[in-house]
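Each of the two complexes below includes chain A, the first together with chain B, the second together with chain C.
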Partner chain A sequence: MRGMGVDMATLKERTQIRTDSIEGRIPKRVFVFARFSLEAACGYAGVDLAKAHYDMELTEKAFESICKDFYSDALPVGNIRFPAPYQILGARNWVMGSNGAVQHPEIVTMEADEYDEYIANPYDAIVEKFLPRACPELDTDPANRSLVLGKAYRSFKKYSEGTRAVCGKLAAKYGLVPGFITGELIEAPFDFLADQLRGFKEINIDLRRRADKVKAACEATLPLMLKRAVPPVIRPGQINYIPLHLAPYIKMGDFEKYFWPTLEELVNGMDKAGVACTLFAEEDWTRYAEYLARLPKSAILMFENGDCAKIKATAGKDHLIGGFFDPTITLTRSKEECIDEAKRLVDICAPGGNFYFAFDKGIMDIKSVDVPKLQAVLEWVSVNTNY
Partner chain B sequence: MLASKYLLDTDAYFERHPEITGEAKELVKKEIEAEDFDMFSFVVTYVFM
Partner chain C sequence: MADVLAIKQAVGDLDEGSVTEKLNAFIASGPGEDEVQAVVAACQQGMEIVGEKFGEGEYFVGDLIFAGELLTDCIDMLKPLLGGEVGGSRGTIVLGTVEGDIHDIGKNIFRSMSEAAGFHVVDLGIDQPPSAFVAAVEEHKPQIVGMSGVLTLSIDSMKRTVEALQEKGLRGGVKVAIGGNAVSQESCQYIGADAWSKNAAESVKTCGGWV
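And then the complex of A and B:
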């Protein structure tokens, strides 16, 4: 594959294409940003996922097999869900399944009558009340609670730093540049409230029964997200990551009143501080494309589904956009048809720049794709999208 | 913040160590604040996102 043994000229070219894409100039060609999870990488490399979670050498072996065999300009691998810290905490909100995949079960850690407490001081409420509910090992006396949290944090540091080291090593070896996620994981305040505090079902009830509390809770969450988004020391070129969850499942009126205002303020706040972000619009955000178009240009957009022509004409006019390509089509279509689909996407989204090629979401299971056809698609984009 | 709630009571720490004053106290405070931010990030991002 062309990814192997990359020379300095290629690395320089990739860096320039990435920089031009971020800064709104038309790059030499379309930037390719493929993404595979640890689960998919282990499946491809024949590595036991449950063991790889605890063994950085196995993680490296799995990640390297992807870097070696699939074309991407950006590092195509990464992982943030390490089971060990969650297990130390006894976490109910992130659990490892029998196949080794770390999953998020639906959970409610904040009751409906606790909104006022959360609104008054969200962080205190999280630490003192909701955290021990999500993580029962913390529901103990102060001395043991400190020990459990300290152990979990140490474990998290060990695995996150280990993963960063592996990624850095592979990026250097294969001449891969960073993608468009280099900073912190952040959430829209509404999603933060919905995902792990109230849960999907309860937040939808709240929108009908106590919408004013939802609004106040989103406003109370915003400073927490901003604090996380803008660290004391900002890294040059920092691009935070905001996966957007619940908006496609609520009414436009609720989106306008409860979801959007604090998200917009969050992105504006980051932009003012000199921090960019990539927003991943999960599911279909076509109906919200004009809202996304209002965000500062430092916001990079990634889409799962949707009308790519309409999105290109609105949000994609001034913003760098990518995504849309469903890699699972490789299981049911011929190689030529898969390449035709990539070509269709490029023909719609690439004119005028502001486009990078990415999957609709990171590949979770290698069995969900036909490997040779997917490799052919990535190769095609890398050699046929010169401006 | 988290460190003072779960791991370290900052005020009590300085009460126990009156010898830490002036610039040194500010440096220790800064270190605790940095640790606080890391722990805040761990709880908010890793556990609750």
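And then the complex of A and C:
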């Protein structure tokens, strides 16, 4: 694989391609940003996932096997969901399943009749009421609560710093540059309300029964998200990550009224402060492409499904876009057909620049792909995309 | 006499205000049991309209979720007029979301619709291992076992559940229906189920034909 024993010229080239992509110049070729989860990396390396969560050497072994064997310009691995801090908090919204995967069960932390309280003072309501419901270990006297929080924070720091160190080491060793996610994880205000407070089911009921409250709650959430998105000291080149969740499941009218306005304000606010972001459009956002096109150019877009030609012609005109490639097709199609599919995507999206190659979503399970075929696709993109 | 067509349409339009108003007026008129059954059926047929609008791209998943809630509320309003339970006489369904899967919105819609159609439903909840299905079948002696799952991995859990029923000699005594986003004709055969559907209204009809 070309990934190994990387020389300075390669690193320089990758950096240049990345910068050109971000700054809207036509790069020498399409930038490759592959993404594998810790689950997938462990599956590939034959490492026990449940153990790797707690052992940075195992994490490194799993991550390194991916960096070594799959072509990517950007570091293709990373992890932010560590079970240890969630376990200390007794978190009910992030739990480790029997196979070691950290999953998100639906919970309701805010009741329907608590909207007004949240709207009046969202921060206090979260800290005093909703967090202890999500994390029962915090539901105790103040002294013990601060102990639990301290322990959880220390644990989070240990694993996040450990993971960062592993990633830094691998990036240096394999000449990998950062992808388009380098900053904070932020949610659209509507998604925060849905995912963290009301749950998927309840928010859809609220949209019919108390839509005004939903709107007011999104507005009350916006400053909290902005505060997290724009830290006092901005790292140069900070690109926050916003995984977008609920929009594809609601009607256009509801999107326009309840989902979009506070998301747009959030992205505008970041842009003004000099912070970029990558928005991951889960499911199919084709019907919202015109909205995405209105965002400041600092917003990078990543898509799961949808009509890539239509999206290229709208949101992709001024914005850097990527995604769309479904790696699971490698299980059912021949190597040539898989490469053809990558070529089809590149032919539509790469001309004129503003395109990077990425999977439609991070690979969660290595068994959901055919490894040699996927390697061939990534390799193909890295040498055949001089537009 | 209730205007069943209007009720059906209001449910299909997800117009909660209008549905509640119509049902309250109907209940106040002191209807007989047959009439109540007709209105229950109308609510259920309203769900077919919802399914059609979903298929045509007018409704989205969020609307399906609200539709499930609306139907459950309708049934709850009408239940007292039917001696505490809607039907319950057509047979028993043991229902659950299979192991490893915590999605239950589709399962709950199927439950409401089966209850509306007169089935007694024993709902095991989410993430249920094969042993839980086996225990429930032994205890409740249902005619039908319903498994729900939307994850790719749910197919394997369903297969293991059918195998567990087989091992205990229980498979022959029940019909197995599966539903949820992950199922297909192919997976139905692989699992060894009797029927599959991604449309609860259709599944309820199939179940009706079995008892």
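Note that the second predicted complex is superposed on the first by the 387 of 387 C-alpha atoms of A that agree within 3 Å, B and C clash if a C-alpha of one lies under 4 Å from a C-alpha of the other, contacts with A are read in each partner's own complex, and residues count from 1 in each chain.
The rule is short, and it goes like this: a contact is a pair of C-beta atoms (placed from the backbone, for glycine too) under 8 Å apart; a residue touches a chain by one contact, two chains touch by 3 or more.
Remember, it's a predicted structure, so these values are computed and weren't measured experimentally.
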>> Applying the document's definition of touch, where does A:Arg235 land relative to chain B and chain C: first, second, both, or neither?
In response: neither
> Should A:Tyr249 be classified as contacting the first partner (chain B), the second (chain C), both, or neither?
Replying inline: second
>> Which partner chains sit in contact with A:Phe192 here, chain B, chain C, both or neither? Use first/second/both/neither.
In response: first
> A:Asn204 contacts which: chain B (first), chain C (second), both, neither?
Replying inline: second
> Of chain B and chain C, which one contacts the greater number of residues in chain A?
Replying inline: B
> Can A:Arg154 be said to touch chain B (first), chain C (second), both, or neither?
Replying inline: neither
>> One more residue to check, A:Lys12. First (chain B), second (chain C), both or neither?
In response: neither
> Which positions of chain A sit in both the chain B and the chain C interface?
Replying inline: none
>> Applying the document's contact rule, which stretches of chain C touch chain A when the two form their complex?
In response: 14, 16, 59-63, 65-66, 69, 100, 102, 105, 152
> Which residues, counting only chain A, touch chain C once they are in their complex?
Replying inline: 97, 103, 105-106, 200-201, 204-205, 207-209, 246, 248-251, 254, 368
> Can you list the chain B residues touching chain A in their complex?
Replying inline: 1-2, 5-7, 33-34, 37-49
> Which part of chain A faces chain B closely enough to touch in the complex?
Replying inline: 80, 85-86, 89, 91, 93-94, 123-124, 126-128, 130-131, 134-135, 142, 145-146, 149-150, 152-153, 156, 184-187, 192, 195-197, 224, 227-228, 231-232
